[in-house]
Every structure is written in C-alpha cells, then in structure tokens.
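Both complexes shown next keep subunit A, but they swap its partner, so subunit B is in the first and subunit C is in the second.
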Partner chain A sequence: MTRNPPTDTPDAATAPLFLSARYILRLYVTGTTPRSSRAIANIRMICETHLEGRYDLEVIDIAQHPALARGEQIIAAPTLIKTAPLPLRRFIGDMSQTERLLAGLDLHIAAESFPPGIGC
Partner chain B sequence: MAGIRSASSLLLENASLRLQLAEAQDTLSAIRNGEVDALVVEGSSGPRVYTLQGVEAETSRFRGKMLEQVSDAVIALDDAGRIVYLNAAAERLYNFSASAILGHKQAALYETRWLLPADEPAAAGVLRETGAWRGELIHVRRDGREMYVDLGVTILRETADRPAGQLLVVRDVTERRRRDDQILVSEIRYRRLFETAHDGVLLLDPRTRKIIDANPFMTRILDYPHDKLIGKELFQIGLLADEAASQAMFRKLKKNKQVRYDNLPLVTQTGRLQDVEVVANLYEENGRLIIQCNIRDITERRRSEEHVNLLMAEINHRAKNLLAVVQAVAHQTAYHGDPATFVTRLSDRIGSLAAGQDLLVRNQWQGVDVRDLVESQLAHFKDLIGSRVFLGHKPAQLSAPAAQGIGMALHELATNSAKYGALSNGYGYVTIDWTPGTGTEPEFSISWKEAGGPAVAMPARKGFGQVVIGRMAAAAVQGVADIAFHPAGVTWTLTAPAGNALMPADGFGR
Partner chain C sequence: MKIPAADSTPSLPKSLTGIAGLDEITGGGLPAGRPTLISGTAGCGKTMLAMEFIVRGAAQFNEPGVFMMFEENAAELTANVRSLGFDLEKLVADKKIVLDYVHLERSEIEETGEYDLEGLFIRLGYAIDSIGAKRVVLDTVEALFAGLPNHGLLRAELRRLFRRLKDRGVTAIITGEKGDGNAITRYGLEEYVADCVIVLDQRIQDQISTRRLRVLKYRGTAHGMNEYPFLIGMQGFSVLPITSLQLDHAVSTQRIGTGIPRLDDMLGGLGVYRGSSVLISGSPGTGKTTIAAKMIETACLRGERALYFAYEESTAQIVRNMRSVGIDLAPLQEQGLLEIHASRPTLLGLEQHLVVMHDLVRAFRPTVVVVDPISNLTMAHDDVEVKPTLMRLIDFLKKEQITAVFTCLTGDGDSNSTLEGSQLSVTSLIDTWLLLRNVENTGERNRTIFVRKSRGMPHSNQVREFVLSGKGIDLVDVYLGGDRMLTGSARVAQEAQERAAATLRVQDHERKLRQLDSNRKAIDARIAALQAQAEAEAEEVHFGMSQETLRETATYQTIDAMAHQRGDLANGVGGPKDRR
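The block that comes next holds the complex of A and B.
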C-alpha cells in the first residue's frame, strides 16, 4: 500500500467536506428588528467570505409567515438552520459570534483569519 | 441479536443526544441573554410568534406591516450597504423575493445609472450635508429591464453621529417619463409650428378678452412687439373697430364656438392699412376655455384676386375681338372666293389666327416676337427657311392686335406665293425683313419680297387676300400697307409708328 505524498492543497478525494460541500441554510427572522437585520447581514457576510458560490441562503420572515416556522420546529428568532451538509445544525441569535458559528458550520479551520462580524 | 444495540450505534446516538442537548442549552442561553427577538409557540391553529422586546419591537413590527402596504418600494440598507429589509412593493419592482436578496449588497438588486454624470457627485453632496436626497435616475434590474425611478434616500442614524444605514423609497416613473417625453416632443413640435407659422396666432382668455400669447408672425403683421400685445384686447391692437365690436365677437364666439371674418381692414401701430382674414375658435384646454385667433395677411391674395379679375376682363375683351375678326374673315371669305373652296380657305385663315393666338398665350399676352410670328405662319415652309425663305433677325415684340393683323397678312402672302408666286416653282425665293422703330427713326416696318417665281401679272380682281394684306393689316397697326405686283415678284411693305405696332412698356397690348 502506497501513501500519497504530503501536500498543502488536498485534492477533491481527500479534501475536508467543508471545502467542497454545498451549504443549504435558512435564516428565520422577525421583520425589521435590529437583531434580525444584523443576523441577515452577518450570515450573508460569512457566506460570501467562506462559502462563495456554494451556498443557498433563504431568509424567512416568520412575522409575516408564522406557518413557515412549523416545519423546522423553530422556537425562537433569529434562528439559522443548516440542512446540508449533514448533520442538521441550528444557531440562535444575531449571528455575531463568528467563531462559534464557523465552528458549528465546520468552517473552523480557517476561523483565525476571518474578519469579525459586523453589527455586534 | 434483536433488542441489543451495538456499541458503535450507542456511541452515535449518544453523540446526537449531546448535540441536541448543546443546542437546547444554546437556545436557552440565547433566550436568557436576550439574543432573540421572538419565541414561536405551537398552538392549536398553528405556530404563533411572540415578540420579546416589548413596545419597541411591537412598534417596529407594526411599522413593518405598514411598509408592506405602501405602493412605493421601500428598501433598508445597513451601514455596510447590505439589504436588511425590502417590502412587497420592492419585491415586485425588482422581481426578487426578500428571502433571496436580504443580506446582499444593493448592487445585487439593481445597477444605478445617472441621467447626467454630474448628478452622482451632486446627490452625494446633498446626502452628506442634509442627510437626505431625492431625484430621478435609472435602475437597471438584474433581468436587464431599465426603469426610470424617483428615488428618495434618507440616512438612518443610531445616534446623531453614527449612521446605521440608509432608507430608500423608490417609485417607478418610467410610464410618467414616457408620457412626459411625449408631451415634451409634442410641445416642441407645436411650439415650433406656433413660432414659425406664417399666419398670426393670438391666444386669448375668454373671461378677460385679453391676449395671453402671440406668435412672432403676429408681431410682424401688427408692428407691435410681443410684450406690447400681451394683456391687450383685440380692439386695442386695431383688429376690431371698438370695444362694442369686440364684445359682439365674443358673444358670437360663445354661441357658435367659431367666428370668421373674411376681410377685416386692420390698422397697424404704424398706421399701415392691411387686409386680414380672422378665424377665431373657442375651445377647452385642460379644463379652461381658450380662444385661438388665426390672423392671415390677405393683402397678397387680394392683389392676386384683382389681377385675376383684370385678366378675366382682358380675356373677355380679346375673345370678343377675336370672334369679331373670325366673323369678318368668314364673311369676306364667303363673299370673295369660290364656294367650293370656302371651307378650306376659312379653315386655313382661322388656323392662321389660331397660330398667332397660340404665340400670344404662350407669351402670356406680353407680345409676340416678329420672327416667331413669321415662322409660325410659314410653318408649311419651314424646310425652306435658310435656302429659299430668308428671315430678318432684329428682335421686336409685336402687340397683340399687330400680331393678329400681320400674322393673317403673312398667311395670305405665303398661300398666294405657294399658289402663284416665288414658292410655286422649285427655285423662287422670298425675303421677309423688319425694322423695329428706334429713337431716331420711330417707325416699324415689315416687308415681303418675292423673286425667281413665275412672271407676275396684276390680278384681274381684288380678292379677300388683298383686303387682309392691305386694309386689314394697315388697320391693325394704324399704318400703311403697300402691295406691288412687279413682274419679278410681289412686294409687300407695312409701315406704322412703332408705338402702334410694338409692345408698350406696361406689357398689355390691346
């Protein structure tokens, strides 16, 4: 059995999931409250910085459409749900705790170089 | 073995439960720390949302609901330029759902194009100084559709010196701009018509009977500068005799909606009398009544009508003259000649008259050149001109009666020559020459000289042809006709004062 030579840039077969998987995210907010606005801006910035071109983010206003909260068992807002890649994860708050969020999204490897979240 | 799970399965389940527990703790912690806006509680009629921030959050939610109802697009940007709110009207205007666009930069929704390059820095300056700006520009949607929009931008502030973002209120004014453009084009087009018309146009207010606008041509007709026309009544600018006439016109206008004066004598400011035609119409313009008076200078038309009347009288006079000549010719032709050749002779003579008439008409009765007259009467011999028929060359314009008399005489001479004279054989020739009167010798003369024909004998009797070349020709120019039957050839000479035979200076020869 032969081993691949060590390399700094992993190929597709050996790359960690967080570098190639498509992320499907849903952010549940309530109207135009400052916290909801901050949550939207923070998660969009994180996505653009770390998941550019490989994420789908849907923002759902449960103040306008409460019924949409039922399927995901939302109990508070703002709530971010990651449905893909598995496992399903949920995060509560205005998404300003960037490092915690990155860790939860399995994006923690590059976390040290991330800019701080806005609107904190 | 059923009922007993493997160690790895238990480990997986344990990890999942730990994760759920961590999430539950995070949720509780977030609620406890005030990091959430609302709680969702499952009720019998579905989930209900309870906001946690009291009056402020409720007010915010209420405002949000109001914004959803307004027809203008409302977009809120945070201080990084990200879209944090857009109402239903904005979703429709830009063809994006809120869930797809929230959190994106403004550029993801549309591209901005300024109407003028200077607009952008000017708008930025106003926004910086006043905290608000409003104006029109173009938004290009992501599907490529361009819209003219009325955009209002207000800086949102957390504190007096800390901006929190911007509030944009957008209204699609594309349709209004299109209508404005159409109105502008129409305004330019009809303004140009108004300004360049060669009819005077006055607009009047029917309530005050005063002029509210006048086109440039109106100032030319009246010799009034534009500002002196405005505010005047029609009788004050010499268009109507007096105030009573003005009131009568307005009463008539009110009743019939139109008044027409075919010929109004107008006295200009400088006292010049001018004939004008006036057509006034009463019509509604955007809810208010307006009178439009079109004033046409008909001086030229009147002059033309007078000229036509003069011409008609002249033609009548000439026609009667011509008919009298035809009558006399017919009578004399019948009296003098062989009845068997009457029709041919009469027809030839009327043809001669017609040829002269054609020349006169072609020259608009401004006389006939002698050479043209000779050539038309000798049309049958045109191949001989230059070889056996020799013509003079001095220009002279015969008057109409002279052309008629001389034309008929030439016809008779040519017919006689062809039958019995120099043009009856193969080598005789004719010389026709004329001398217009000059200052020192004010006498016109024209001569016909034959040579080389058969020997000429004095005719046994005097036919109508001799009357034409003698008495009639002399009478036409009030001159003297001389006919000589020399054996070598006939000679005919007509002399008259130049003023009797040639065109007078004023053009019309009677």
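The block that comes next holds the complex of A and C.
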C-alpha cells in the first residue's frame, strides 16, 4: 500500500500519480442529521466530478457502529479519511469548503494545470 | 480512614476516591455524578491522581471507569502506573476499566466546513456503556485545543460534553494544564466545570521539591481550604491528611509509664498520658535517645507496638548502643513489636518525610512513635514551615491515640537562650517536655533532667541527676546545699565529706561526754576528799573537846582528892576556879 500500482488506471504510464491513483475514502457520520446528509452529498459530488471511476467511498454511521470510532480515532463528525493514496489525511466538517477539500485531496492542482514533477 | 459520610449525604452525594487524605479533605470524596476539574502545571501529578481515582474505583469500590487520554497512549500509561503497583492490564481484561487513547494530529486534519465532536461523544458513550462505567477521566481534554483550530466551536462542544457527562451521572475528572498568571487552566475549562476544582502545584524550595494540593472550590460542601502537601509514593498518591479541620480528637486519661520509675514519679507518679506528645530536648550526649528507647522498650514489654524513626543512626547502631545501657531492642524487633525506620533526613523534603511517616504509621499501627530527632528534620527547612508540619504530625498521632516521643537536639552550652530559642517553634505543641542538660563541674560532666512542663498532671519541679550505666537508667537526687547544686562525683565527694563530718561530730560528742563524765568523777572525788577532810576536822574538834573535858574532870577529881586529903572543910566549897 505504499505505492499505488500504476496499472490501476489506463493512462498510468504518462499521467502524474495524482491523476492515476485510486482513492480510498471513508466518511464517518453520526446518524441522519442534516449535517451528515450534507457531507455525504458534498463528497459524492466531488468524487464524481474529480475522481470518476477511480474512487471507493464508504459511508459509515458511527452511531450504528460505535466501536469503529475508537479504532479510527474519530473525534469530530463528519470525518472523512483518505487512506489512499498516501499520505493519510483527515477532513472534518460537512465537506462544504470544496477548495480546501480539493487541496487536501491533491485534486486542486490537478483541476487547473499539470505541472510536471509534482507528486505526492 | 474515617469518612464523615453521615454529614455529607444529605447535602451532596460523594464518590470516594480511595486516595489517602483526599477523601478527608473533601469530606468524603468528589461530587458523585458530576465533573471535577484538576488543574496543575506539567508533572505535578494530575494524570496520577486521575488514574488512581479510576483504578481504586474499579478495584475497591466496584465502580468501573473509563480513562480517556489525549496525551499518553495506553501502553505508556500502563507502564507508568505499573511502577506504582497498579495492574492496569488485568483490570482492562476484567472489563473494569477502559483505556481510550484519543490521538489528534493537527497536521493530518483539515477543516472543511461545519462539524461537531459527536464522534468523541459516541466513542465515550460507547466506552461507558461497554463496562457500565461510573467514573470517567478525560486527561487532558485541552489537547483538543491544540488539535482543532476552531476554538469557539470546541468550547461549545466541551460545554455539551460536560453537560452530557452530568446527565449520564458519571463521576468525572477533567484535567487541565495550569494557565499563565492567575488562570486556573490555559483554556478556561473552569468555566464549564463548576462543581469542584482541585489545584495541584509543584514547588521547589531549597532544592527539594514539594507537591501540594488545594481544593479551590467545592460547590455545596465544606472542604479544607489549605494547601496540603502530597506525595506520589509506593502506595500511589497520598495527600497529607494532616490537620484535620477540627481540633477535636478524643483524649485518653490512661497513663503510661516511661520505664524509668523515678521519672514517672516526677510526672505525678504515673508517667505520661497515652496519646500525648513528649519532647525530650537537650544538648548532645545528654541521653535523649536512651530515654526514648526506654519508653519504646517499656511499651513493647506491655505488648504494644512501637515505631521508631531514626534520622541520625542506623538501625543496627541503635540496637547496639542501647544494649550498652541495658535496653535490648533486638528481641522486640524479632517479635514484630518494634520497627525501626532509619533514613537520612535529607533524603526527602519535610512533607515527604511526614507522608512516609503517615504511610508507615497506618501500616504498622503502633501505640508509641519516636522521632529521633526532629531537629534533624528541621535542619534544612525554614522554621516557619516546621511548625505546621509538625503540628500535622502531632495532630495525626493524637487522632490515632498514639503517644509521640520527639527528641530535639539543642545547642551545646549552658546559655539558656540558645537552648530554648531553637525550640520555641514546637514546644507549644508539646504536652510533656523533658529537658536534659549537661552540668559541668570540677572537671567532669553530668547529666541532669527536669520536667519543663507537663500538661494536665502534677509534676516535680526538682532537678534530678540522670545516671546511665550498664544496668540501665536511673535518676538520682542531686546534692542541694547552700546555694550550690552538685552532681556526679562532686555530689559523691560532697556526700562523703558530709558523712565524714557527721562521724567526726559523733566522735566529738562522745569525747565530750566522756570528758564530762571524768570531770564529774574528779569533782566527786574532790567532794569526797573535802568531806573526809571536814569529817577529820570535826573529829579533831570533838577529840580536843573531849580531851579537855577529861582533863577538867581529872582536875576536879584531883582537887576533890586533894581537898579530901586536906580536910573535909574544903568539901563542897570552892571548885575548879580556885584550884590554883
């Protein structure tokens, strides 16, 4: 899991890593609050826009699975954890600040230009 | 440990911490079902106190607990408390305790809009439910402020968290780092935890660090307001319970002998009161330790236990030295009646010494405690500090009805000012004060003893000579004559002199009587001689007179005869007148 195999995506040989890597995301929410719903909708939209076809998004309700909160070090809700590609990142909030989220997911730069040599 | 439960139950239910001393100060523990804030600087024992609260709750009071930590992880904490004798792993395995390490890395976290701390709440709630916890610790919740940038939101969430803890009815401890200046905590946690605030503090004075605890606030209950020294020792956290808030210990009227009959005589014939404090002070070599050891031996021979804190000599040395004056402590040690605890006074600060004493006294439960000498304890400390700490010790021992014997070394020399000045700070706390002095006279030094004060009993005002020999201790009357007081060989010499003088006087009297007798005899003899003389003279007189009479008669007869011869005419006429 240290490196994403470039074979995952069709244009792996030429495109920078952040364009080719497969994203594994988990969103932890607490129940069906408006904030939870907003977070789910926001992250889905971002994934669909920027990571189409190369992401796994899992939504977990820790109210239903409280034991998971401890293992994943969940404090705030909602919390989004990006486990791949590395480094591991955590995002807290309702995912409404798209710019920040994109920057954190290394998708911000990708959306604008393709400066060579910038990886993870 | 006595907990005034009856007093506190109607006002506020409390949850015992099981921590020595803390339950006494707070009158029964922390407010049950409410959060308590513990604030203090780094390294002053917040985590330890919180941990002990959880561990003792689980182990002693059957109240499972959740320890949520933000700074140390579970393995570190387990290792840290194992050194104090708590087996956390076992308690965790037995589902008595849940350890939850909340890790928060600022660099990993990005805020992307609105959020709350529901994740933490669920996590805590789950931990509480999983073991049915009654106690919760959040150590140190302030770490959240470092991890999460939105402090406004954090405050609101903490308020909600504490509210929720209250609603759940768990007794919680929230720890917080002391803030700058007068702030109790760096992030003002005290605003949210308003029921009970305990402040810990660590100070270094004269290179000796002392930790102190203070109950800053305890809503709805009376509590000790002072700063109480505490120690994290072998048995965990212990607050010097010290001086109780009241001065109401029961007193005994029972008297116990000192083991020195004549000293008992000086103390109204019965010795000191049980549970009183005795100070034996004197310059070096006056026999302070010996008297103390004698009192210990006497107590042990009565079948009681005695605890001896030695700050000058090692155990073996004391035993050896006391044997030389006929006090054999070794068998008493073997029987478990006597425990000698020898340590260097500089090993610990004054408070720590007292904490150690507390621990040992509680464990050994003696009836007599000797501290030899207290002056060594006070050496490194300000006199200002000594008095309150000794007062605490005396109070504690009195409360436990333990007779306390303190020895105190005073300056050598005869000047009264140094002798008594150095003790001023403690003597007012003492019930019976025996003062030992060296008296130097005619080339030798002797020990004297007198009772300086002894509360509540008649006591002698006499100075006695204090004699140590292989047979033990004895008190001897000093020689008082004229305006002098003599001791030792001077006393012996003086007494011998007096005896000699008395003998001489007796002989003199006899001689005088004999002389009188012989004089009388001489006079009698003379009287006899004179009488004899008088009789002789009287005889002479009588003899002369009778001779004359005879002569006269003879003359008459001659005349008569002559007359008769001359003729009858002359018969009847004439007479001796005209004999010639």
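Keep this in mind: the second predicted complex is superposed on the first by the 95 of 120 C-alpha atoms of A that agree within 3 Å, B and C clash if a C-alpha of one lies under 4 Å from a C-alpha of the other, contacts with A are read in each partner's own complex, and residues count from 1 in each chain.
Assume a residue touches a chain if its C-beta (ideal position, glycine included) is under 8 Å from a C-beta of that chain, and two chains touch if they have at least 3 such contacts.
Every value quoted in this text rests on a predicted model; they were computed, and no experiment measured them.
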Message: Looking at A:37, would you say it contacts subunit B, subunit C, both, or neither? Reply first, second, both or neither.
response: first
Task: May I ask you to decide whether A:101 touches subunit B, subunit C, both, or neither, giving the answer as first, second, both or neither?
output: second
- request: Scan A:69 for contacts with subunit B and subunit C and give back first, second, both or neither.
  value: both
Query: Given the touch rule stated above, what does A:78 touch, subunit B (first), subunit C (second), both, or neither?
result: both
Query: Is A:93 in contact with subunit B, with subunit C, with both, or with neither (first, second, both, neither)?
result: both
Query: Looking at the overlay, what does A:58 touch: subunit B (first), subunit C (second), both, or neither?
result: first
Query: Which holds for A:25: it touches subunit B only (first), subunit C only (second), both, or neither?
result: neither
Task: Kindly list the residues of subunit A that each of subunit B and subunit C touches, one partner per complex.
output: 30, 35, 38, 62-63, 66-67, 69-70, 74-78, 87, 89-94
- prompt: Where on subunit A does subunit C make contact in their complex?
  reply: 28, 30, 35, 38-39, 42, 62-63, 66-67, 69-70, 73-80, 87-97, 100-101, 103-104
Message: Applying the document's contact rule, which stretches of subunit A touch subunit B when the two form their complex?
response: 27, 29-33, 35-38, 40-41, 43-45, 57-64, 66-67, 69-70, 74-78, 87, 89-94, 118-119
Statement: The residues of subunit C that touch subunit A in their complex are 100, 102-104, 108-120, 122-123, 125-127, 144, 147-148
- prompt: Across the complex, what residues on subunit B touch subunit A?
  reply: 16, 19, 23, 26-27, 30-31, 35-42, 46-49, 51, 53, 57, 60-61, 63-64, 67-68, 76, 78-80, 82, 84-85, 98-100, 102-104
